[in-house]
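In the two assemblies presented below, subunit A is common to both, partnered first by subunit B and then by subunit C.
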Partner chain A sequence: MRRRLGFKMLLPLMLAFMIGLSGCTSSKGNDAAQPDPTNTQNQTEGEKRQTEDGLFSIKDFSNIKTNEGEAIEGGTITYGLVSDTPFEGVLNYNFYSGNPDFRVLQWFDEALLTWDQNYVYTNDGAATYEISDDGRTFTFTIRDNVNWQDGQPVTAEDWEFAHEVIGHKDYDGPRYGSDFTNIEGMVEYHEGKADKISGIKVLSEKKLQITYLQSTPSLLTGSIWTYPLAKHIFGDMEVGNMLSSPEVREKPIGFGPFKVESIIPGESVVFTKNSDYWRGEPHLDKVVLKVINPTTIVQQLKSGGVDLVDSFPIEQFPDNANMSNVEYLGIIDRAYTYIGFKLGKWDEANKVVVPDPNAKMADVNLRRAMWYAVDNDQVGKRFYHGLRWNATTLIPPSHPEFHDASNPGIPYDVEKANQILDEAGYKKNGEFRTNPDGSELVINFISMTGGDIAEPLARYYVQSWNAIGLNVQLDMVEFNTFYDRVGSNGKDDPKVDVYQGAWSVGIDVDPTGLYGRDALFNFPRYASEENDRLLAEGVSEKAFDVATRQAIYKEWQQFMIEEIPVFPTLYRSQIVPVNKRILNYAIGDGTGVYLHQLAVTQEKPVVAE
Partner chain B sequence: MNKVTGRIEEELRDPSTSPSSWTILWRELKKDKLALISLIFLGLTIVAVYGVSLVLDQKQIVRVDLFALYQPPSAEFWLGTDYGGRDVFGQLFIGTRNSLSIGIIVTLLTGTIGILVGLISGYFGGAADNLAMRVVDFFMILPTLMIVIAFVAAVPKYSIVSFSLIMTAFLWMGIARLIRSKALQEKELEYVKASRTLGSSHLKIMFTQVLPNLSSIIIVTMTLNLAANIGLESGLSFLGFGFPESTPSLGTLVSYARNPQTLEYRWWIWLPASLLILVLMLSINNVGQALKRATDARQRRG
Partner chain C sequence: MWKTTLRRFLIMIPQIILLSILVFMMAKALPGDALSGLLDPSVDPSMIEAQREKLGLNNPWYVQYWDWITKAIQGDFGQSFRFKMPVTDLIGQRITNTIWLSLVTLIFTYLIAIPLGIISGRYNDTWGDRLITGYTYLGFAAPLFIFSLLMLWVFGFHLQAFPTEGSVTPGLVPGTLEYSFSKIYHILLPALSMALITTVSTVQYLRSEIIDTKQRDFILTARAKGASESRIYTHHILRNSLLPIAAFFGYEITGLIGGTVFVEYIFSYPGMGQLFLNSIMLRDFSVVTALVLLYGIASILGSLISDIILSIVDPRIRIK
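Up next is the complex of A and B:
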């Protein structure tokens, strides 16, 4: 069981858990990344070219399906939810927590605002917005033809109601956080001191006004709660009962292109088209969603058992790159893998990070040498065939505006690593080095099990560090234990010095949720004044100017390379196969391709030759 | 004709004893060619596995090599490499050694415990028997496999020894039952009473007089148990509850096949281990069956 999760299929799982930036889980779902700007054109060739050394490059993938052939009227497609466990079935944006549930939700419900390739809200969605001059007050207008699937209009009151439910003291979903406390009057309402949220005003049936305490650039990239909750259905329900109610679990409702016809809990969902969809009537008659196991995914795709899947295990790609009946779409994933160093503790009472200058890994030279010692370029090429590649900074290229491509990070250089350790006084005593004061140095490294690559990869890192004379002990633990020990509940295991983790980053670039002083997810427990300053500046008012914000984050990326509380190891890509009969499909953000346009060229899926 | 004469002559030469159980076992084995071949194969495998793995450097074999992932069999890697660039041939030898070691250790330990418990409770009978059998009953109704899995998950670091102990804790009951029933029969025989009348101690009777009379049944059971234990270890490792991946065993090698890509495209990783398990099990069983026949005069071929 342990091995089955993991790098192979655990990705969605792992990422869904790890989502640190509030913007990511809270408002825009999980699946998004930025297509390479040079390659937004459709690629006519279905087969991906492989270089002579067997490598692939995400740059050769399009994120938009090539359209070949004429669409037929109607049609039914099958969508595979790749998972080896059932989906939980919390089918409402205001309550769900797992990525699988999100994959179900996206078919029948959507956000009121849409966003573009840079994750900035646009006025193309079900609602439009205007900002006041001080940047704190937003006025939203929901389009007139936006209706719930039972015929009732989606109103400003529904939107207000969603805020009231999430801010309610009995609310037991995962959404209440800094995005909400930033709304004027929200904290008072949450504590029961006020009946209404003073910052939210219903101006008319379709007009809503929200006033925020602080104006930050993050507001435009994911910090607005854009999912209404149907007041005519949930209005009379106790907030504490909503999560388990049949309206959330069995007969959910939304205003998306399809509506739920039937659900077999945890296994499958049948959707039929919502003729009243505000963008227009969907092409397809029916969508069948079913959970498929990652081990059978290739067979299912070949036989046409599924047309689309939500994710594809990357290590199965090279063997199946030439599958004849699918086209692979690909994007740069909004995520990175990294090695973290424990540098302090979490103060549970004050909810802050307390750095420990005497921590085993406190010496930055030691950390830098460990970065120099690993050859992530080769790791990406050999283990992942180029579909993951050497990471340089802590802002991944999925955010091209802010990723500093000119920063080389720290390249592989064993001699340099040895030299740094020699100069810092780590002398060799036999096979391994000791601390500068002569005491024994044993570094405990933990890594997650799961997938075929997890174990040899972790072992490769240990070997690399052994090669520069560091005595590193590896412990492979399964996913939940791993995050317990690293400190996801605030109780850090003191026996962990180094760990390998991965983060999915929010659509907003602000890294405070992962590296801020008061962030629980700041697992390295690193804090410094310079870091505080840079992070605060990144979301200050002057950061509304993109160039200024870029400069701030450029500085922060460089600062992290000097301080190395963690170092990024690999950037990731996401590859999704799509049956050739499918038209008008895209992955990623701001593509302008919507689910109601989805169509097929023939009744039955194309089958592999 | 010749043979029979030979046998009679043999027995005539030393008329005071009937052929010892060892002789009978050996004779039966010689008669059953399949069992004999199996025995030779087993012996060779054990010698080869333990011999070669002395020479092999385990650290070198489990070393991840980025530049040799998934190599098909070649002159350098006789059975190719796995997803970590590790030599499958070397892993096969070390894995077989680990699996065999566990099988043997567990068989010996369960055998020892089972014989002690069975012999004591069968020989004394009464309250001691009652008590021991209730304990056995208790262990028998436990869902053994589940508990072993839970134990393995709970023990943070396990080695061959601790893994064997965990398995032993739940596998000694069968043999205890068997020995007890035989001991019950045996103690009613005249020689036990005679020996007792002559003043021998209980311990002496149990271990020097009753036990040798049970030796053939013990050998048979333990041989068959050996196969079962190796199978159990491989099964647990296959499920991911045996050895960690860094310690090769037959089960971990086979479990590579759970990846559909490996199963379909890279047979060299899992096929040799699977075949080896099959052949080992068959051989041990062949030998065991031959021994079993030898203990029953009506079924003997030799």
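Up next is the complex of A and C:
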């Protein structure tokens, strides 16, 4: 699965915590093409979303701001970057790594291709594309009026140059990976055996052709590198010096709707409109971006200190749901929380998963009973006011095309859980059950600290499992230790049997990076031939047909429910407040609302009553 | 006098070396490293391993320590993993903010402490004194970060009298008068919040010092000679009571270091304290170690200054 920006994003989410790592928030609607939102519906303003029992539902949130009132000419808005860490200041798509930097970048630069609500590239962006019959060769045409903010045209050579820089052996950003090695001649170029990348051809000033080694449907959902690098600026620079150069940090350039006027490192950025923007002149004169601390976000919003924020801590939402000067937008997050079972080891020499048939959790009946035993519906309601809810499959509903909504997963049923364990021979010996062979069964469960909810939530799971007679021991550990023990270094802690983790998934639905046989991040260390087959089919050529691909992933989702190497517990939502004076704003993908349309109805932000 | 200073200086060197070893080992003892948060399947694990090797994260600690300290002596603290820029540059960006904040806080601290201390010492056991001591007890009890949040809420958001984040209004051109004013304006509230809390110990100290001096024999003598009350206070009592306060100046600096970490975080003020907290969370070790070392050196220097001032004003404590 991958993120919109081309590189596959599967950062672990820290539960309800605000460290910079949860930088996997969803994308803005500035790159999308389809006019209607997918999974949400519009709602009239001011209506109470809360039900009588204090619950909310993401279904009641729109991802597009209600437009009320007339836009005034120009105007200045303040955009709050909610983070307790300042942005790093690597302000170029080809080099940045942190999400805060991305939030800065989106105002002044953009991708050449846009995509729709299913994350598939469209022909509505700054460039269009055509695919050859064998699906391997793409021809891109950049629109004539797409220019850098210094007036130079964005050319095919700039696009080629971006590939050359990222593929260069001295490149020190995070982008070079399987998306790039899939380009013909890239590996040879990277190793220094060739001067040029043989698969990339500049056909004319605005036309570029790229040939890929393997044709997969993932190419269309984020695997193409769509960010050019200005050759007239970076052309003479050593690749190793680019990342730290002033052209990246102090005077960055792009071809987006706004341009950077001034930067105070880590603190604020002022943008002014780019009158030469290819979609048309932006409405607003100025955008001020400032970093605000999550602890003060509510006050900032109420006082009108910020109009927009990039994210909002969901635990603060219930208390502020009726804030009078904002409208809340919401989308389903591309993420899920899950319980994982350790079923094997990581073979460091061969870099493959080695399932262990004798692992403590190797019996699927035990795993299934544990899923039946937990009531995630209540967890979502009690702990998250309904803003997280029971998860059913391993493809979240943020991918409406592929999420199998008809699959109920495994619902809460304690009797069933007990029955499964009884039938499988886990007999009770006193308070707890033993293994079928009569030996003692103690299950070690680890979960991450962070936030107020983490510990009570983990305790709830332990209690639920105790209730069906399983002796589960909880260990709460800090983020780094947690992933160390789960196996992010390949050195799994053998004492861990069950863990609670979370994944943020990218825009491509392919889950191979998490559940493939050679994926280090396959923490359950699960592998089977059927799984290999389904994952391979999902990215095969025949999967270009959406219906076929849907069928494959439908089968995979069901297969994972039968095998249960992990089970999903909660899906998540994202809620973002927007000041009422803002017009033409949307979050999520495929909204058809772009940043140059952003406007305001009055000079000053609306202040809370 | 010079001998004392020199001796005190020489003691500092092993202190700093010991500090650097401690700092380094503690940083290494933290679980995880800068790369352990990077769970991204598109990055080949062998690339991560190669990067670990390149950064020297797999070497034994004494090798890593030696690599680090030899460079550090030359002023090179390595690269920040997160900001991808030299740690020295990164700290350079932040240190001026922190120095200004500390300086203004220090000024506020004394501006508050001296009048309050004098009033409450001179008129002890009056209502004024009780009010002031009451405030100091409150100050001792209130945690700095809670108090700062309160100040931020009241003055920043409720009354909107002060800016609530950052070190300067976005969009101003450095070097202009407006820019400098904006900088000072942004410092006032955090500095005041910190000063109001940190000043209480100085107030108390000054108060008891004055009460103490009041009963000394030489004051009795002065009174017996018929010196006026105000003369006694300004010339005899105050002078003697202020000296130890001046001597604590160095320790005050040390105290500020701890304070700025919280205050910068709450006011989103981009100084070293904020950088420090972030770097710990993200395991940006090169920054953490450099900062702790810097903080450590600052506090060692602070106590050195105090010792020197003390030995100037009070010959009794000079080291023989």
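Assume the second predicted complex is superposed on the first by the 564 of 609 C-alpha atoms of A that agree within 3 Å, B and C clash if a C-alpha of one lies under 4 Å from a C-alpha of the other, contacts with A are read in each partner's own complex, and residues count from 1 in each chain.
Basically, contacts are C-beta pairs under 8 Å (C-beta built on N, C-alpha and C of every residue); 3 or more make two chains touch, one makes a residue touch a chain.
Note that the structure is predicted; figures quoted are calculated from it, not measured.
Enquirer: Between subunit B and subunit C, whom does A:Gly89 touch in the aligned arrangement: first, second, both, or neither?
Expert: second
Enquirer: In the overlay, answer first, second, both or neither for which of subunit B and subunit C A:Pro408 touches.
Expert: After superposition on chain A, A:Pro408 lies in contact with neither partner.
Enquirer: A:Val270 in the overlay: touching subunit B, subunit C, both, or neither? Say first, second, both or neither.
Expert: second
Enquirer: If we overlay the two complexes on their shared chain A, which of subunit B and subunit C does A:Gly592 touch? Say first, second, both or neither.
Expert: neither
Enquirer: A:Asp179 contacts which: subunit B (first), subunit C (second), both, neither?
Expert: In the superposed model, A:Asp179 contacts subunit C only, not subunit B.
Enquirer: Between subunit B (first) and subunit C (second), which does A:Gly280 come into contact with in this model arrangement: first, second, both, or neither?
Expert: A:Gly280 contacts neither subunit B nor subunit C.
Enquirer: So, does A:Thr295 touch the first partner subunit B, the second partner subunit C, both, or neither?
Expert: After superposing on A, A:Thr295 lies in contact with both subunit B and subunit C.
Enquirer: Using the superposition on chain A described above, determine whether A:Asn480 touches subunit B (first), subunit C (second), both, or neither.
Expert: A:Asn480: touches subunit C, not subunit B.
Enquirer: Return the chain, subunit B or subunit C, that is in touch with more residues of subunit A.
Expert: C
Enquirer: If you lay the two complexes on top of each other, which residues of subunit A touch subunit B in one and subunit C in the other?
Expert: 2, 295-296, 299
Enquirer: Using the touch definition up top, name the residues of subunit A that touch subunit B in the complex.
Expert: 1-4, 295-296, 298-299, 315-316, 319, 375, 378-379, 382-383, 452-453, 455-457, 459-460, 463, 476
Enquirer: Please give the residue numbers of subunit A that touch subunit C in the complex, ascending.
Expert: Going by the criterion above, the answer is residues 2, 7-12, 19-21, 84-86, 88-90, 98, 172, 174, 177-179, 243-244, 249, 261-262, 264-270, 288-293, 295-296, 299-300, 302-303, 305, 351, 478-481, 483-484, 488-490, 512-514, 519-521.
Enquirer: Provide the residue numbers of subunit B that touch subunit A in the complex, in ascending order.
Expert: Result: residues 62-64, 66-67, 69, 83-86, 239-240, 244-246, 255-256, 258-262, 264-265 of subunit B touch subunit A.
Enquirer: Quick one: which bits of subunit C touch subunit A in the complex? Just the residue numbers, please.
Expert: 30-32, 36-37, 39-46, 82-85, 93, 149, 152-153, 156-157, 160, 164-168, 170-171, 173, 265-266, 268, 270, 274, 277-278, 281-283
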